[in-house]
């Protein structure tokens, strides 16, 4: 790590999701030195876990391929994975970041040949699949992981598995003695792109996520569609593996609710509209989708997609915030209680599977930023003078869809460049 | 229509929402409803409401004064507070329902025969008398609230329960005379009277 | 040293009132746990949640305000503790409302002045189960168990008003677990996934809308039986009464064969702490809690 | 070095790591490379991507004059950081993902697996032989000046931010003042917590900042009458109203031409134009400005408004003739803001917003909605059917909550009409059928001027049209979710409502990103580097003039309008407009177009290098031409997951299916391939092709393959085209194996020599 060159003209990008990648690429491609700090073992962030994007229904990994190729080709970018910024001091043009790098136990020699993964036995919850499946103790985070380098789960360190993995590697790529490191990096500007996390569904008690097997979240639902996901791409429900044809989507699960997240998370309506097409994709006319909503926020041209889904006779829209969910113990079906407020119709609807269109909250808790920033009540970083040379990109600035996140990230790159260009000017370079 | 009711109609003309905001307990929250319907779906008595809370709120905004105030709906409230804890806008719905019921009563246009309205009034009268509830008299009054004949029928139907309670020592005929009371009955009554006066003065009394 | 509280028993806990047996068991329980309850002198009714028709807002606030003021005057420095859900709720709501509305606070004090009282509104209002959980703790509660309630399966019916809108700190509105923990601590077995745990029993509407309420009560009892319960336990006098006393009527209407005892958490604790049936208020059961009696009688 | 670069010298390097050495006979591979591949140098290494392996190669480059490097190891997508050599043509031969990972490790399969590997060595060397290290043409140099079309808040913001980073900007504004639509507002939607009240627009301050910035030049009352050139060397004619023209050079362009308000006279049902007290949101802004904080007066009689009703989605979200299909995104917040104009002045004014879906997303949006409610703005879910003319307009609507037809008589009705983008003229390809018919009837076969009522914004001197192509609903947007700024005209980035419906705050944020993109384009195109998606690629197309028949197919089919024609009809490639997809190469019937490292030969010679077994060997050969962006990664990932496919497969990645020349198909059929599979990206409305229409164009062209097959008396099934997404990991092996089955059924090709 000591070979990383960072100066007051370096741009530090915190977070290697699509926003961080975009910001890093835009800056690096005009010649700026960029260091990307990514918490997980690979870049790409949340979009790597999506099956499709709305409204085009194209695949996120397609753009990821392009961005990863751009990153690999660009010598101005240094990526530190399994790394977190623990402290940030200074001001625009002169920051020092303290970065904690966790051991991967696998070095750059790794060819991703997979020999280590073949020999280990123990399995661990796979966070990539929202813990709906397991990965082995030596694993590649996912098919498109960048860096394409295996990771040892810390759980196998000190066990036989660790030694087996090391012995299986012909390239001396496994280093069981790797330690956590703390390094300090200089930077002129910082792009904060730590993104979002799904709101904790357990907190939305009326929906029984913690009590009813067949109530899942929208991010989990995405994983079901991945042929390499927890169900091998089958759209089946957790309790009994039954085909989930009659699926309910509950909007504003956590969002627009003072009890949980008071903001609108923007993406969830579109996500459910998109996911309604997944059910049709799998089951054709047997699909029976119900979308329970307050307002369908298919903003701007996304409305065209909404209009298209409205034409689908297998999709029903119910203007209602579902009151609560109970389980039909006989068949495991969730039963939704509520009132359709368009004309007052009381319902008690049973579905195979319920998907909570889970809200988006910033990944970093409001009071835990390593430097003083203008953060609003919702936890998003606002654009403000007091932030100095720290610029929010993507979902750390607001609840945004991918397109808007990338747009925001592109803007943040320019703002960071303004700062480092000023430094360069002052330093006469 | 009572005079006070006519006065209110006069005063607020087309703006029932404003009337509610000014005169109904927690009425200024009504405008914050976003019609999600979680309250309506959460109510244990839901199936019996002609107009569930969220619809009442919309009706208030639409100026449906008579329909709202003469409705039996808000008298269905069991005070279970499901609606309050689930409301995404934190509207104190239970209190607004109580407030609407009380306001209708104040105006004298509440649904007269509605059993909960009758019981609620009995309950208040009972406690206001001695400062504490006399359960026996409350029961007796309740059973006979619709007249003697009806009352005997109801009382006969409830006799089993009454005997059970008596046997278990959870009801006493002693309560028929005297019974529990606060000691400072005078102070208590003066307090209630004052509170009622203050409220009447504040709530736009057209009289 | 005994923990002292300013106690608000409420109308239903009075002598020969509908939950006088609740008070009995609470006293026994407190005796074991070294809790001293100092009754608020000359307390009055809280008007529960049904007094609204005749009462209006300010008179109802004045009722609870009077109790708090009396407590502040006579039991200064002590938290107010109520055993009745409605009493606790009405008092706590009053406190909160007056805290947030200076106008109402001034008017309330104007009314209180007629009774020679003044409200500071600085007293903590608590339910007995809060005292048990927060001040005593499950561990301590468990230490005093002399006769574990082995072999009894109990549905913990929390109901509404001890649960909403305030509820017990750290518990969810939809699935509070404290009552189950009480049951476990006393050596009995709670019903897992008791669906009707927080459903409404109809409250005061059991009187005015008996059929509608009894339909709700039926579901509560049915779910308890479905969970294999021998009995139901609750922290609320209205719940206790409604669920216990209408079983015959429900049986007559729905053809069910309900006969399940409904007691208070304090009843369980009193029995588990070795108190006899009378001390535990078991004689107040209309449907006898035979399994508890058997243990109490040992 | 440069002298040596002309003498082609192939170095082939075979990796024995990751099981390659265990599974394959590397000695044989080496001799194949030398004998068939004509590799001057061939070395093996047990761990080629290690420092030692890389050093070995670099040594040969530095000391042995190797300038064509063939890495026979893993996929071209793996270890790119290790195998990154300067000034050489680099070829990756895929023995790991392409051979051993897709084949079972059994003795009986050994022979065919080895044949597969040997062929790939031959193919790699053949490619290397015809590839040259790319170098920029020097057609342009870095020009840091940014041209900004439009002086509204988007344009001003782009200029201010680019200038702050050190890039001089020129704003060309059609009207006599800066500020655009935002300047017409009384106030704007709040942009900061607590998002409770309307905010000052800040336009005056912005104009002052622009005027104070010596790095920004403003042309008012001016338009762009001609924009020639390419990124890095745009030459724009800026013409003032008076007619004087000045030509200036720019590196890149930001188009911030904004929107026009929807024409509300298309809404007779709402009595617009008939009743003066029915106004649009923009017109209400004027009333509010006039009132300046005092009571807002209505147009008909100047009466102070005491009740106002806003009809949301007026003429929007509707497929009705003349309506806008899209939601304009900002109108819900705008109506809340405007209702506050009334409420903040006098809380007794009745304000009602009639909506179907209230759309106020994000943290700010929901707070603003709540603030509106808190101020007493009434929100009703309903659909307005009619506004009845009268002394006061009466709105008839269905209240969807109360499920009841209702009407409200109010002093003023405000129509929330939407945004129509000022996107200029459609391209030739985007003209309606009627337009095309008209043109065709005019002078068949000859070039005619495109005559369209809409004024052009940029007046691009581009063969395909004067403006950036329009996308859905007429916005000049990107079609890509991951790449929101990518228009189909390189170095020109749209910002603000011309790109997508948005409010002024979003437009300004959008402009900052567009400025970033413009700076990137100016910097990179100056150095000859490609823009998205082949960022940094130095190769560019050239053509052999003597062979060109001036057929213009390349100029028509280029997805980015890069190619112009000279006066004789020969193509002018405009290197920096080019995205390097090769669609022109695929289009060229006479095969005269090529890139240094990607040409008819680099692919054509590969398929000819395949060792073709005879007809009776029972060893068919299947050629797969796979898009490098999606299909090839899918094949890689299939291998990574050890999904098997036939050993008879020979895969060649292509930049885009649009670059596939029919000659490759004909050649491979003639050389005895039994089946050919083309794998491109999904096309159509929701196309996934990174080169917009490369895959679609390819499919059209492949329609003609049928004739070729027929003329060769071959079965139609032998050539198949598939749309493959990057996620089709299970599908790609199946397609290949199905083709093998098909060949088994229809028999081997007779064209084996």
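Labels for the chains are A, B, C and D, by order of writing; each one numbers its residues from 1.
Please note the rule applied: contacts are C-beta pairs under 8 Å (C-beta built on N, C-alpha and C of every residue); 3 or more make two chains touch, one makes a residue touch a chain.
Since this is a predicted model, take the numbers as computed values, not measurements.
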**Q.** Where chain C and chain D overlap in contact partners, by chain label
**A.** A, B
Q.
Comparing the two chain pairs, does B-D have more C-beta contacts than B-C, or is it the other way round?
A. B-C
Q: Please list the single chain whose C-alpha centre lies closest to the global protein C-alpha centre.
A: A
(Q) How many angstrom lie between the centres of chain B and chain C, each centre taken as the mean Cα position? (A) 23
Q. What whole-number Å value describes the gap between the mean CA coordinates of chain B and chain D?
A. 64
Q) From the C-alpha centre of chain A to that of chain B, how far is it in Å? A) 50
Q: Return the distance between the CA-based centres of chain A and chain C, expressed in whole Å.
A: 46
Q: Find every residue in chain D that makes contact with two or more other chains and list them.
A: 358, 381, 401-402
Q | Junction residues of chain B, two or more chains touched | A | 34-35, 54-55, 82, 85-86, 89
Q: Would you pick out the residues of chain A that each touch at least 2 other chains?
A: 206, 256, 319, 324, 341, 344
Q. What is the complete set of touching chain pairs?
A. A-B, A-C, A-D, B-C, B-D
(Q) Which residues of chain B touch chain D once you look at their complex with the stated criterion? (A) 15, 17, 31-32, 34-35, 54-55, 58-59, 61-62, 89
Q) Which residues of chain D touch chain A in their complex? A) 17-19, 47, 49-50, 74, 77-81, 84, 161-162, 164-166, 192-194, 317, 319, 325-329, 355, 357-367, 381, 400-403, 472-473, 475, 479-485, 500-502, 509-510, 512-517, 519-520, 523-524, 532-533, 535-536, 629-630, 633, 637, 640-641, 681-682, 686, 688, 690, 725-727, 729-730
Q: Could you pull out which chain B residues touch chain A in their complex?
A: 34-38, 40-42, 46-47, 51-52, 54-55, 82, 85-86, 88-90
Q: Report the residues of chain C in contact with chain B in the complex, numbered from low to high.
A: 11-12, 14-21, 42-45, 47-59, 61-63, 66, 107-108, 110-117, 160-161, 164-165, 167, 173, 199-200, 202-205, 207-209, 212-213, 216, 245-246, 248-249, 283-286
Q: Using the touch rule from the top, collect the residues of chain D that touch chain B in their complex.
A: 350, 358, 369-370, 373-374, 376, 378-381, 399, 401-402, 406
